[in-house]
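Some structures to go through are shown next.
In the two complexes that follow, chain A is the common piece, with chain B as its partner first and chain C second.
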Partner chain A sequence: MRLLLAAAALLALLPFGLPPYAMTLLTEALILGLFAMSLDLMVGYARLISFGHAAAYGFGAYASGNFLLHTSMPLPCAVLLAGLLGGIVAIGVGWVCTQATGISFSMLTLAYAQLLYAVAFKWTPVTGASDGLAGIPRNPGPFGVTWWSTHAGFYYLTLAFLLGAFVFCRQLVRSPFGAVLRGIRENEAKTIALGYNTRRYKIAIVAISFGVAGLAGALYAPFAGFANTELLFWLLSGQVLIMVIVGGAGTLVGPVLGAMFFLYVQQKLSSYTDSWALFFGVIFILFVLFMPEGIWGLIQSRFKQKTV
Partner chain B sequence: MALLELDDLTKRYGGIVAVDHVTMRIEAGEVRAVIGPNGAGKTSLFHLITGVVKATEGSVRFADQDVSALPAHVRCQRGMSRTFQLTSLFPEMSARENTRLAAQARDAKRWMPLGGGAVFQSAAQRGDAALERLGLTHVAGRPAGLLSHGDQRLLEVAMALAQQPRLLLLDEPTQGLSVEETAQAVEVLSALFASGELTVLLVEHDMEVVFRLAHKITVLHRGSVIADGDPDTVKADEGVQNAYLGGFA
Partner chain C sequence: MDFLPFLVTQCLNALSQAALLFFLGCGLTLIFGIMRIVNFAHGAFFMLGAYVGYSTVHWTGNFWTALIAAPILVGGFGAAFELGILRRLYGRDGHAFLMVTFGLTLVMGEVIRLIWGVEALQVKPPESLSDIVFILDEPFPVYRLFLAGAGIVVALVIWQFLERTRLGLLIRATSQNAEMVHALGTDVRLVRSAVFGIGCGLAGIGGVMAAPLVTASLGMAPNAVIDTFVIVIIGGMGSFLGSLIGAVLVAFVQVFGTYYFPDFALAFMYLIMVTVLVVRPGGLLGKEA
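Take a look at the complex of A and B:
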């Protein structure tokens, strides 16, 4: 807990010491961290593997993009509303996908993402088709509040969303609801036999997870100023799954670190070679083989050793 | 009034009749064993009662209500708690967390997504009480997956008990236990049943266990009931001797 407060304080102080380029990178890392954290709710706590999490991210990005382009809704409201909308739509998605279990569930999530991807190419008035949405503004709030339109301001807004979502998710996984999720993860048949309607819990966690992922996507659109079909592509779904596993599934904090690590390594490697993904693949395999607990697991075991 | 009434309960898988017109009544407070050779339909009968499998024909009445159409988790909410033939636990959770999660299922606020300290507290109380009744308090903090096989079997009973069920269904509680472990488990279970407040339906292979624990015995053979009564009557029954007991008594 103290470690987390320290990390939050450090993140809050960073804008004072970093060049604008690094700030941009860090903001993107936090957005991806929020995205990865949302997937961890499903993967780490209920063992529901989503291969289509980009669907939620892209949905949020297009939703907030449209709100910001076509209305004068203040930026934070647009982000919240986009996340909420994504979560509500995901109730239906969860209802369909949880008809199946295991790998079939994962395939249905992938199918949903590919469906949105296809729709985004055709529904020009809303998505701009292959051009995407460009020039997405950071709308001001009432009384001329505009602090989030600067580099540092947007960073703080992102940080606030990340911390808020983290506190929410942590409460969630520690609640009676979260205990049932862990039951589903370890032994779903037994959880049903104990009298839990596990399907409802699964639909709920899909909706919440997609909603939080929607927040991340909704932040990305005004961050980058555009939204395009790549945000719905399966490649992103795969990458975010890698961030969760490398960071440490089932920890909430780990996936955020995983996202930062991913982005950092991507930046470093891609300045040397175009086939950086190949090298990251090797790193991923090494993690799975030798550090299945991920980065956060490693940090925690170090800490325990020191305090013992 | 009987707590559980089965009427002409039948399950067919294609041409195979797993359970064949079984009619049975279990009174509150009774400990009933269902015995029979392998493939007699004991576990199928369990699945039909608990709702894991839907009956082809016939009905299940529980506490004066027809539950035939209800899914497994709803029947469980009505007060049926079961254990599995093959141990089924949450291996990474501690024994205490296992019983707590079982007890939580009986709380109206079991789904609370935020907070819920009170839910946990009352569930933990009922869970700990169940652990104590089965003599597992000393291993409460250990991950369930690391307990001895005997303790795992008893933990499953503790989980069912933590739900304060009206009907406790045990599917071969001593399955896979060594002779000593079986003796221990029977000791614990007979002490548990002695209070008379539980209604128990148990399926069991081990005849010694059955005759020590059960007040009444139902014998299944090829899906149908061939005898029904107190242990001595069943032991003396010629049909049962031929079909199953093979001179045990």
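Take a look at the complex of A and C:
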């Protein structure tokens, strides 16, 4: 806990010591971190592997993009509303996908994402088809509040969303609801036998997870100023899964670290070589093989060894 | 165009498409049946087959050599990957495989880009197959007829292989009860390596055969892997006949869907998959829910 507070304080102080370029990168890392954390709710706690999480991210991005372009809604409201909308739509998605279990569940989420991807290409008035939405503004709030339109301001807004979502998710997984999720992960038949309607819990966690991922996407649209079909592409779903696993599934903190690690390695490698994906693939395979508990698991075991 | 010739040529089109999809789906379902793992890299093996086919045709000038060389190389690589890496994961849950093979997809995509470059490569079909025949006065490429025929032949060969050979018997037995097969004195690990190699080799054949139609390109892998999963989920994971039915169904939906509703062809495919899963969660011929 103390470690987390220290990390939050460090993240809050960083804008004073970093050049703008690094700030942009860090903001993106936090957005991706929020995205990865949302997936961790499903993967780490209920063992529901979503292979189409980009659907929620892209949905959020297009939703907030449209709110910001066509209304004068203040930026934080647009982001919240987009996340909420994503969560509500995901109730239906969750209902369909939880018809299946295991790998079929993963493939249904992938199919949903691919469907949205195909729709985004055709639904020009809302998505701008292959051009995407460009020039998404960071709308000011009432009384001329505009602090989130600067680099540092947007960073703090993102940080606030990330910390808020983190506290929410942590309370969630520590609640009785979270205990049922872990029950589903460890032994679903037993959980059903104990009298829980596990399907309802699964639909709920899909909706919450997609909603939080929608928040991340909704932040990305005004961050980058655009939203395009790549935000719905399956490759992004795979990448965010990598972040969760490399960071450490079932820890909430780990996936955020995984997202930072992913972006950092991508940046470092892409300045040396075009084929950073090659190295990333190898790193990923090595992580799954030899360090399934991820970066955060590694840090924790180090930490414990020292204190004992 | 009259309706009947149109219908016949479109059906033949769909059959040739089904053959390609079958090469993919059948390999994936065999691997799943034996190992209970999902090979996400299946599309990447398909793509590797197309590129190896390109190079073989380029060096030898002979398409038929490519048809033999590609599956051997691709299948060999697949078996090596199983021996070297996947084998370490058998104690772990199924997701580890999905992730490792996803990592392999990234690696293979990059390695192929480094070796063959980013441009799509055209593979020429053999002289004897590059003609056009007239079916009910409609022109139709011979190569697509050849594909449809090859699909039928390979389906029959695999069926007979599974039913009548010793390895086929072991494969069927292992998919039913691996521990019992092991206890009866067969090294199940070898069966697994062999099946993984065969499955990847089939994807490799599919890649070579697809290359003259669609050119060898880096976009092949994701498209192929998604189609393959749809087929296998519709047909039922681990069911050989299911993959055949799934391939034919998906191919017909793709061909006719693209013709009548070009905007919704993809949506149709997923709609079928979702309907099947809602009605029969294990797929049409799948055993488990």
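By our rule, the second predicted complex is superposed on the first by the 308 of 308 C-alpha atoms of A that agree within 3 Å, B and C clash if a C-alpha of one lies under 4 Å from a C-alpha of the other, contacts with A are read in each partner's own complex, and residues count from 1 in each chain.
By our rule, a contact is a pair of C-beta atoms (placed from the backbone, for glycine too) under 8 Å apart; a residue touches a chain by one contact, two chains touch by 3 or more.
Please read these numbers as outputs of a predicted model, since none were measured by experiment.
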Dominant toucher of chain A (residue count), chain B or chain C: C
Touching partner for A:Thr101 - first (chain B), second (chain C), both, neither: second
Touched partner set for A:Leu172, first chain B, second chain C, both or neither: first
Touched partner set for A:Ile285, first chain B, second chain C, both or neither: second
A:Ile49 touches, of chain B and chain C: first, second, both or neither? second
Chain B versus chain C as contact partner of A:Tyr201, first or second or both or neither: first
Partner chain in contact with A:Leu10 - chain B first, chain C second, else both or neither: neither
Which of chain B and chain C A:Leu115 touches, first, second, both or neither: second
Contact residues common to both interfaces of chain A (with chain B and with chain C): none
Residues of chain B touching chain A in the complex: 50, 52, 72-74, 76-77, 81-82, 84, 88-93, 97, 100-102, 104-107, 109-116, 119-120, 123, 159, 163
Residue ranges of chain A in contact with chain C within the complex: 47, 49, 96, 99-104, 106-108, 110-112, 114-115, 118-119, 122, 234-235, 238, 241-242, 245, 275, 277-278, 280-282, 284-285, 288-289, 292
Partner chain A, residues of chain C touching it in the complex: 38, 85, 88-89, 92, 94-96, 98-100, 102-107, 109-111, 113-114, 222, 226, 229-230, 233, 237, 263, 266-267, 270, 273-274, 277-278, 281-283, 289
Complex interface listing, chain A residues touching chain B: 171-172, 175-180, 182-183, 186-187, 189-198, 200-201, 204
